[in-house]
Amino acid sequence: MIRQEDMTIVSQKLIASNIYELTLKGDLVEEMEQPGQFVHIRVHQHVSPLLRRPISIAAIRKDLQTVTLIYRAEGDGTSLLAKSRSGDKVNVMGPLGNGFPIDDLGKGQVALLVGGGIGVPPLYELSLQLRNKGVEVIHVLGFESVEKSFYLDQFSELGKTFVATVDGSLGTKGFVTDVIEKEKIDFECLYSCGPLPMLRALEERFATKKGYISLEQRMGCGIGACLACVCHVANDPTMKKYQKLCSDGPVFRMGEVMI
Amino acid sequence: MNPLQIELPGLSLKNPIMPASGCFGFGREYSQFYDLSMLGAIMIKATTYESRFGNATPRVAETPAGMLNAIGLQNPGLQGVLTNELPWLEQFDVPIIANVAGSQVEDYVEVAKEISKAPNVKALELNISCPNVKTGGIAFGTIPEVARDLTKKVKDVSEVPVYVKLSPNVTNIVEMAKAVEDAGADGLTMINTLLGMRIDIRTGRPILANRTGGLSGPAIKPVAIRMIYEVSQQVNIPIIGMGGIQHVDDIIEYFYAGASAVAIGTANFVDPLICPTLIKELPEKLAELKIDHISEIVGRSWKSEVI
Amino acid sequence: MNPLQIELPGLSLKNPIMPASGCFGFGREYSQFYDLSMLGAIMIKATTYESRFGNATPRVAETPAGMLNAIGLQNPGLQGVLTNELPWLEQFDVPIIANVAGSQVEDYVEVAKEISKAPNVKALELNISCPNVKTGGIAFGTIPEVARDLTKKVKDVSEVPVYVKLSPNVTNIVEMAKAVEDAGADGLTMINTLLGMRIDIRTGRPILANRTGGLSGPAIKPVAIRMIYEVSQQVNIPIIGMGGIQHVDDIIEYFYAGASAVAIGTANFVDPLICPTLIKELPEKLAELKIDHISEIVGRSWKSEVI
Amino acid sequence: MIRQEDMTIVSQKLIASNIYELTLKGDLVEEMEQPGQFVHIRVHQHVSPLLRRPISIAAIRKDLQTVTLIYRAEGDGTSLLAKSRSGDKVNVMGPLGNGFPIDDLGKGQVALLVGGGIGVPPLYELSLQLRNKGVEVIHVLGFESVEKSFYLDQFSELGKTFVATVDGSLGTKGFVTDVIEKEKIDFECLYSCGPLPMLRALEERFATKKGYISLEQRMGCGIGACLACVCHVANDPTMKKYQKLCSDGPVFRMGEVMI
């Protein structure tokens, strides 16, 4: 069930250039199940910044009652969040949306997880859950540069992990698609989250494959009420059918919506 | 006596707090958080004759103490609302105020006529901020004659009282208010959003796909208070006030200015429980201020002047 | 080449940043903090023909991300400004833009004629948001014909270029802008404050003695950006933009919208060093954005559309 | 000279119901001299609350480079200030305005200091400075109730101290003027800060005496530029003469301005 709760900051660490790992503790963790779901965070109690910020769930630890988020401090809201310290409270609404389905794959099958930049975090909990089922996970992670890369060790522990950087400062110089090509990676199901051009390239290249992508959009309510975050359904000549990213997504089947 | 119970044309409200149109969908999402029967009323999302997809995204942007939206009146259309939304809302003991929109007079009239027959629709809210195709996209709500004419035609067909929602993007809000009162409006709701815009520094382009959008949230509260203060002294119909309400003090401020009830828009996004919270806090606040009944203080800011 | 140097009618500015009228007095106070010669220009406090005391206090109130003011044009009058203020400002190497106000056309004309002769006054800023006694207090800036007429008469007597400061409290800002351009305005400054109000919860009375006041600060920035975006596409005279500027990104946003220079009002109260800080940060920001000269980006938000 | 500086919070204590004592450290203390001057505080760096808050200087410790302020946490700004902790920075602009002149009095002469509620703080530094000159100080302090009273011990250390409370929970029940009457206090110079009705009563009663009052007004700039805080000069038939509370005041001679 969706709830809101003042969660307590257990830790907040700078793990790459402007990238923070935030661990929160609270009852709300009990509600969190699916990788790819997100939470909607109120960074503080003042009137500005006004809106909540959607951040993906990166790791759930039911035993510790904690959830880990990884985010880039960029604008007003995330910069403010980056200033909060252990012990502070953060108002969290969630878990929101529909995450990555993991039931399609079984033991021994291969999942390819492709993440770009700040789209990488939700893939970590996904990888954990797939691995727990015995699925073989291969990660291809793209970053701008080595300074902005993170969680490589954590992903490597779960499965083969390839990296691409735009500037070549780590792994293959270029894009994630270059790596997949180069490494001739084969898989049963693709899971991806990252910038639109990356998602489009993947959809095109793997049009015949099964796969899921997670999208981003500016949001108001985060629960489906305001219609800020809609996208068109693919192949709909009326152009009137839509999905709400926050409540129907953010994860969709490849080819399901227009991107 | 319930210090919050109020009577307005068509509306018998257990409290004067209701979600504002477009900020609450048709209630389904917020019903996950609380029982909608506790609300004074619900102003549902604008309904147009045909279903509409609305604008391209991004549709919202943040601003200092506010937000911009350009949803573009996305809605399932009159039939969709009559078939799927209003019947669903009947499970709750709460009057519905149906927000009616269109791009020509005929659209409004058709929607008003049909939607006002729904058993739980107790009043209409005429959204006159929409661009009028017949006048080259100039909003109905910015020309007194156009607004008067529209109100009259809707009044003629509506089976329930009609509240007209004023646009703040006008030189003379009192003139607009009087024009629609003249045309038979039973009440006013104000304010709709202020026209605004933001540009993305990185791209140099407007953030909203629609370029401009409607500014809502705390930033606009002083404008709303000023307009309600001005209008409430000049008309004899009640006003449902809205714009930036977040705290119980804001509600008191709206009543002092001249509102007889209030609606909560943007704040629902910030705190999904805002309406129940305010409904709980309002009687406490009234007790603190030694006010026996909320209706006592309507317009106190200007009524106290005459004394 | 200095990436900030710009040329506007009457004004050769070392940078496009200047304090806004009424938020900087006649410069004396801020000269305690820095050398005023570093400013692009200074827009001095509104000058009326006679000296004025202005409104009763309280004259300011805070609002979410903004403030209200109702100073009431307090100023030492034309003679006071000519005798005590402008000569004192001559010690600085900075062009003065004299803000001219009045309650009837004759006042404006008289002030414009005399003040435009002062050696350091390089341009006038016609404050048309003032109530016009001849039309029962309706602001000059809300009726196109009245604004046009006023602009023409001031243009006739002014020895320096005339910028007209538009009021945002109108239905159609483009129509106002075109009216004054038509009448010979050399430039526009926009926006003046939005009309707003706050009520004190404890007393039930308006906080401002004048009841309503002008809303300024970050809260109004989206409205200013929208209006500049609309107007700059429709006129051929430059715009000095203002409203809620606090950060260097805001300045870029104003230029993208269509401004050719900017003014800083309320932010001076928050940070007395805001102007020098922005003057320092702007070239750094331009470098970061790979912009060679600030004038390149005027109107980029809409110019990029046509391409 | 007026400057602005990020000062460091040395301590912040709740000393009465909703009343905080805040001690700040920084170079700016070097500029602070006159009792009755004030500082203009930016409670944080966000856009809301936007304006600075004027707070009187309650005590200056040049040796420690600290200044103490005493304020009531009531609205948005002061409530936020009350949440800041030792070690945090606060942006302070000051010292502002003209304070209480102390040169009029010499050794052995008697000064009566009359404070009401949150007008009491500036009288503390004033009393310290007068005492240092050998002036005899008598304090009459009015509060709403015992819960809202503060600094009584500190004032008592410097001179005779009488208290009035509206509800009679401490000292004389009633107003400061009742106490002055009752105790038949005589003095060479009166110094006062507090609510307008109190100041008006004092001006009326002691019209022939020398005295200074400190006023309050909502402010914008705090330095004389915006004309938010003006008051009329007394006995000015043109009604056009004015004083700016922030830069000409906040302290005025009794009878100098219209109150």
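Annotations
Order of writing sets the labels: A, B, C and D. Residues in every chain begin at 1.
Going forward, a residue touches a chain if its C-beta (ideal position, glycine included) is under 8 Å from a C-beta of that chain, and two chains touch if they have at least 3 such contacts.
The shown structure was predicted, so the numbers you read here are calculated from the model rather than taken from an experiment.
Taking each chain's centre as the mean of its C-alpha atoms, the one that lies farthest from the centre of chain B is D.
For the pair chain B and chain D, the distance between C-alpha centroids works out to 46 Å. Taking each chain's centre as the average of its CA atoms, chain C and chain D sit 36 Å apart. Among all residues of chain D, those that touch two or more other chains are 47-48. Chain contacts: chain C has residues 63-66, 217-218 touching two or more partner chains. Taken pairwise by the contact criterion, the protein chains are fully connected, each one touching every other. Residue ranges on chain D touching chain C, taken from their complex, read 1-2, 4, 42, 47-52, 76-77, 93, 217-232, 239-240, 242, 247.
By the touch criterion given at the top, residues 64-65, 218 of chain C touch chain A in their complex.
By the touch criterion stated above, chain A contacts chain D in their complex at residues 46-48, 80. Only residues 22-25, 28-30, 32-33, 45, 51-54, 57-67, 69, 71, 74, 207, 217-218, 246, 266, 268-273 of chain B touch chain A when the two sit together in their complex. Only residues 63-66, 68, 142, 169-172, 194-199, 201, 204-206, 211-212, 215, 217-223, 225-226, 229, 244, 249, 252-253, 256-257, 289, 297, 300-301, 304 of chain C touch chain B when the two sit together in their complex.
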